[in-house]
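Here come two complexes built around subunit A, the first alongside subunit B, the second alongside subunit C.
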Partner chain A sequence: MIRNVSKLLRRKKEKKRLDQREAKPQEKLHANFDQNVETFRSIYTNCSDVLFRSFLLFGKTRAMIIHIEGLSDVKGLEDYVLSPLMKETADTPQSFNEFLENKLSVSKVEKVHLLADCIESISSGNPILLCEGEETALSLGLAKWEKRSIEEPQAESSIRGPREGFIESLGVNTSLLRRIIKSPALKIQPMKIGEYTKTNVAVAYIEGLADPTLIKEVNNRLQRIEIDAVLESDYIEELVEDNPYSPFPQILSTERPDVACANLLEGRVVILVEGTPFVLIAPISFFSLMQVQEDYYQRFVISTFVRWLRYLFLGVALLLPSVYVAVATFHQEMVPTTLLLSIAAARETVPFPALVEVLIMEVAFEALREAGVRLPRQIGSAISIVGALVIGQAAVQAGLVSAPMVIVVAITGIASFMLPRYITGMSIRILRFPLIFLGGTLGLLGVVMGVIAIVIHLCTLRSLGEPYLAPLAPLKKKELKDMLWRAPWWMMNTRPHFTGESNAYRQSPHQVPNPEGDKGKRQGRR
Partner chain B sequence: MKEVKISSLQLSMMMYPTILATAILTVPSVTAKFAAHDLWMSPILASFMGGVAVFIAVQLHKLYPEQTIIEYSENIIGRIPGKIIGFFVLIFYLEMTGEIARSYSEFIVSSFLFKTPIMVIIALMLLVCAFAVYGGLETMARAAQLFFPAFFVPLIILIILLSPDFKFENVFPVLEEGIVPPAKGAVVLSGWFAEFFLIAFFLPFLSDRKKAMKQGIINVVAVMITLTLVNLTVLFVLGVSTASKTYPLMNAGRYISWANFFENLDAVIMAVWILGAFVKLTVFYFAVVLGTAQWLNLSDYRPIVWPVGILIAEFSFWGIPNMMVFARDEDQSFPFYSILIQVLFPLLLLMIAMIRRRKGENRAVNE
Partner chain C sequence: MLVEKKRNSFIKCALLFLSFSGSLFLLSGCWDRVEINDLAIITAAAIDKKDVNQVELSLQIFIPKAMGGGQGGEGGSGGENVTFVISQAGVNIADALSKLQADFPRKIFWGQCKVFLFGEELAREGVYESLDFLLRHPEPRERGYVFVSKGKAKNILAMKTNLEPYSGEAVREIATLGSGLAVTLQDFDELLTGASQGAALPYMKVASKKGDKESSYDYTSFIGAAVFKKDRMVGDLSRKETRGLLWLKNEVKEYTVTVRPPGEKGELSFTLGTVQVKVDPQIKNKEWKMKLDVKVTGMVIQNGTNLDVNDPNSLKIVQQAFQKSVKQRIEGVIGTAQHKLKADIADFAEEFHRKYPKQWKRVEKRWEEVFPNVKVQVQVNAEVRRQGYINQPEKAREGVDNE
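Coming up: the complex of A and B.
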């Protein structure tokens, strides 16, 4: 009932969006040259960056090129468009546009009939060529603007593995994918989102690996978006999530083409957004947040060990402060006597109860971390000195906090940084606070209750319809090979289940390297 | 509502803690009262009742694959009598859920949080359970699946850590007074094993229905083995004094001292037991909520999750004035009540359904 009432209220509040479109979508170009020019000039009033260059085509026909400064290759425009067209003096041929196409030494030329398409072409950097007496314009593929070069990804560095990262340009990003996956089965569907930004968004998937219903679902959800602007992929992430209120990320973001490709090859969908190096990967499970590209680039024994270390520290990051508070407040008998004595001695001078003490320290630590992230790098080191000296040393010496508490907070901090994705660490760090409260009020009982609540929440979560705790609950025995441990590559024969049953195998089995056996075989053959 | 699917393995992982959560704590002392040092035999005898309950539930499920007991009791014996049977079943489960919540909270209050009001603990637990029930059967099944190792492994570790304190001679003399004392203990225990009938509420949601019977029996055997092990452990450690303890496994747990570091692990037992009690409560809670929704012909059970939760919290006080009454109830009336509702009623329904079906077949042949 409450839902119905709120729905009614919402309906009242809903405002009609003002239609801000510059041109009606179906409006066509006019046959009259002057009228066309006038339309464009009125659309681009007070746009000093839009350049109108009029000239005489072949010395007699009036023509005009419209482009935006800095978005188009001016040199190319001069050399391959203006100079041949202005110098040439030929008789008017049979088909005007066809002739132009033959004369223009530009690789990508498109005929455009609609006004809206012209504007889109201009704003994406492709100059528009209008001619007198023609109802069609030509969109010249001369877009070229300044962009960052491909660099090592800042947020996801690795010791071994490719060092290329995505950049802000969508075209470069798709080319990075294509360079890794050369098969034409890699499909990239373009899309525009954002009323004002008209941001290019591309949905990449591998045909035959990705579930067709999944692609449909992704497209549906993307097409539903009606928003002014998409400045970062997080806009899209928040608008397509299954559970928008959850603290856990249900869509993975990465800067690394190799990670994106690995996920494409497991049947997932990658959403690339113009203007940000972070691409989105869906559907994911909780355990994808615990995996790093390097797990697959080093020996599986080491990867398995590191992965388990991560699981362990996930527990530490979530539970250590609350368990410490619970034990120190309610269950002192659990602690071995000698340890209890040293903790008690340290806590003797502390004026606060353990709950307050841990909250002070945790909040201080969070503040330090946030300050360190935002500050320029030169000042960043000052923060760590202040943090280490003031909070670590002085607070303990002044008797404000106990030394064991500093250790607990420090270990928790390290543990939360151990989680490979920054965003996962954040959600765990946020959940730590309610758990600390529960531990300080109800002891271990409260902590267990909190954990049960979190697990229930994780069990209800879905990422684009896939259960969030997928290989573990519901149990998929075959996929545990990439969750409980990182199986060696010669054992990773089957794909994850959402790839569909039709294409279950990713490699031929029995590829265990066995030189002795090979030798035997070879000798046998001889 | 019916599109939700769980696997039979998930069902087993839900039912195992459901039976054991309360059983591992109180059963040793309850059985020891009757069976003394033969208490370990009682689970073996009592598991028969579990088998019967599973058998009846599965047979009824085969006759009415898409329905729970609340729905098919109406089909079998008519609308009004069916509603009456359904009412009794629902009241039984409601009262049981309240009792479980109460006994769980009494355990917490008497062992750990001495000053906390009992209502706080009951309310907190029921709140968490309501979240799970509200999340749906799939959520419950997944949570149970995740908690299963967290419930099972510490139990095994506890038994292993206790092994240095074992006095194996406690088990003798075997069957000093014949089979009657363990059989009496088994009657009490049958009340717990009869709870296996709860699968009747979950069978319609099963994705692999053919495995239901097999998994059910495996489940009964697993519970039987675990209970026998727990009873034996308690017997080996505490001896005949088991009967005088309220929570013998807890008392046994206090004996653990390993490497001078792992001491006083009772808080761990508590944590484990909370997980078990959580699964048990959600299973009962879900049965009550689903049954009530079906009894009232509601299309969705979600709107009544919270009201039923409040009712359960109230039943945890209405049903039990104090723990003395509860202890007596557990020995003397619970087994019979439990068997009546969960075995005899369904057995009656099954027999009537079989007879009616045979008649119907005969009629079909005659026509």
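Coming up: the complex of A and C.
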């Protein structure tokens, strides 16, 4: 009863909040110049960074330019707008349109009727030009602000491959995509999300490769978002995910344009967000998390080997500590005798049970890692010294932890960093802890139960409707070429299935290099 | 609405999981959870006969402190023992074990024990009762090796070793090396309960090299094989016969054959390459016959004769000598088994059983009488494939140099 009432109340409150949000000012600009100026001044009271510049258009008409300091190209404004317009010329243009075409030497100019649009234009850096006697204002495409230069991505470095990374500016980011994919089939749909931030978001896809229903789904999910601010793409990631409670990322993020483009070309959708170098890629599968750009930039034999190494270390990162605890406390007969003897010798002075020992070490390791990320770079070395000395040596010498345990934790730590993306490593790291508990309480039986639970969970996961374990479950034999191994490029003939059947081939088959055969052909021709 | 439902079910799930995993810790002792620190790891076990109707169980137990792990190089097993031996008498093994455990601070753990030793006295009286414990109890490994010791088995446990950390490991290493017999608990059980009801176990004793105080040491010496009929030891094979038995069982690995070709002064030695033993039982006119077909290749490793193996004629002589030697070894052990011990240690019974199940049924009960009368025909095909790095014998080479 009480629950029902409270539910009802809550729903009412939510509705009220929604009503508030939807009140978007539809007010139009006035024909009266003074009134317009007054409106703007009242909107921007106490905004010291908004500049109002009034002048006489061709020495006759009153006009005003409104822009925000630092967001617009001041020199351009002076040279191409103010100086030509302030000249007293004999032939005053007859109409507004003519004036637009002939006198303004700015490439991107838009007519604006609504007050709200004016404000949006001003806040995105485009100055607004108001003239006396006109109901429309002009938005001048002179936005220009300070931004970082394009640098090598910090979180995803590679030895071979492009060294460009996305930056915080959306315009630059889309240009980076366009520079790689020149076809006009690359579509970029703009969108604004965030009540206060009005963050520019762009959905990029390739027409003809991406499934139209997928694009519709992405748009639907994005349009559903009502939020104050989008400061990073993770806001959007969490709001559009299929299973919000899962520890596994269902949307990939990358700061590499080449990775984004590769995924676009496989029919996926890329969501770019203003203000962050991390763009989102969806739909993905679990195995996308195991792939790195470099897999495709080096010989396939090496890539396949490295990929399998990654799979192996995924298992190690997830299971090694829990299996160690389980074997050391339940299944001592499983260890080779000499190994057990040395473990026994090392553990002799340790006062804690193996479960507690591994927990202490794992938590300490996680703390060290987190501290290392947050610390200013200058102090970073201090952490590594303290970590290596205290955790590594002193703890063993003091007999608090055993040396084999240090080795296990160290290997596990390295293994979790083997996973290509930091976030993937994190989800594996978190899952390690319940597994350690299970291993320490139920032995290998518990570990197996935990693994089964994780696999079941992975099976239920979806990324924008695509099964998370594809192409393994459901089995798609053709796509195993990019999962079990990295097939050489001359075998990568078909695209992944979600690009649709209509455009299944990405290249012409039979491109195996065959110099001997070619020679024969050439001679034959002669 | 839907989202809310989902959230509720998630919270429910999470609570269930938390209470479930929380209760795991309340389970006292977590079933069979035991820390390594609380284990007394048995590295080898010996079973001897004590008085009338009493057995003595001796266990070689590992001392973790002695290995000095973790504390850096200070440990090591210089002169310090890494194991010690505890023993106790009882009416049977289980009884002795429970008595031992009662006075022992750590849980006695059989899981790593890979060496089981029977004292000769016990072996002669019967091992079924002891085997029952070792096979029935869940902890002892069925793949541990079984040995018989001349004299008290306990002495082997207490022996000091030079190379290996403890004597149990030394014994096991010798068994796995393949130069002698290696019989696991499971093999032993299968042989005794199988068709032949006969088995041979490695037979050993503690030998000592006498010298002054520094240079004298003890070691385990494999003196042959102990032959079992049913569960009783009935006799033993010499070293040479044991090697012959290895041929019969097709388990020859590390092996050196040394022969003296007829009319020569020195010896030739071979190591073996591939060895194939085909066993073909035949029953013709009620006559039971066993055909053994041995194919073996050898490599010359020492040539003290004047024969040049490169020469086809000399090669023929050498091969014949090689062949004869192998044949003698095999026939020797068969003779002993059939006529002296009357124990089917090569498991001929199983071969007959497999090929002639009907006829086997008829003799199954009186196999003991049939076995000595089985005619054994050994055919050896020995080849010398490699002659080593030098062609001519060293003797001949010297002669050339002198010219």
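We take it that the second predicted complex is superposed on the first by the 497 of 526 C-alpha atoms of A that agree within 3 Å, B and C clash if a C-alpha of one lies under 4 Å from a C-alpha of the other, contacts with A are read in each partner's own complex, and residues count from 1 in each chain.
One rule holds for everything that comes next: a contact is a pair of C-beta atoms (placed from the backbone, for glycine too) under 8 Å apart; a residue touches a chain by one contact, two chains touch by 3 or more.
Being a predicted model, the structure only gives us computed values, none of them experimental.
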Quiz item: Can A:452 be said to touch subunit B (first), subunit C (second), both, or neither?
Solution: first
Practice problem: Report for A:460: first if it touches subunit B alone, second if subunit C alone, otherwise both or neither. | Solution: first
Quiz item: Counting residues of subunit A in contact, which comes out ahead: subunit B or subunit C?
Solution: C
Exercise. Determine, under the contact definition given at the top, whether A:475 touches first (subunit B), second (subunit C), both, or neither.
Key: first
Self-check item: subunit B versus subunit C as contact partner of A:350, first or second or both or neither
Solution: second
Exercise. Once the structures are superposed on A, label A:442 by its partner contacts, choosing first (subunit B), second (subunit C), both or neither.
Key: both
Quiz item: Just subunit B (first), just subunit C (second), both, or neither: which does A:262 touch?
Solution: neither
Exercise. Would you sort A:423 into first (subunit B), second (subunit C), both or neither based on which partner it touches?
Key: neither
Exercise. Please indicate which partner A:333 is in contact with in the superposed arrangement: first for subunit B, second for subunit C, both, or neither.
Key: both
Quiz item: On subunit A, what residues does subunit B touch that subunit C touches as well?
Solution: 330, 333, 442-443
Quiz item: Which residues of subunit A touch subunit B in their complex?
Solution: 330-331, 333-334, 336, 442-446, 448-449, 452-453, 455-457, 459-460, 467, 469, 472-475
Quiz item: For subunit C, which residues are in contact with subunit A within the complex?
Solution: 10, 21, 24-25, 27, 30, 32-37, 39, 41, 43, 62, 64-72, 75, 82, 109, 111-112, 114, 139, 141, 165, 169
Quiz prompt | Residue ranges of subunit A in contact with subunit C within the complex | solution = 245, 328-330, 332-333, 335, 337, 340-350, 353-354, 396-397, 399, 402-403, 434, 437-438, 440-443
Self-check item: subunit B - residues contacting subunit A, complex
Solution: 7, 9-10, 108, 112-113, 116, 120-121, 124-125, 128, 131-132, 135-136, 138-143, 145-147, 260-261, 263-265, 267, 270-271, 274-275, 278
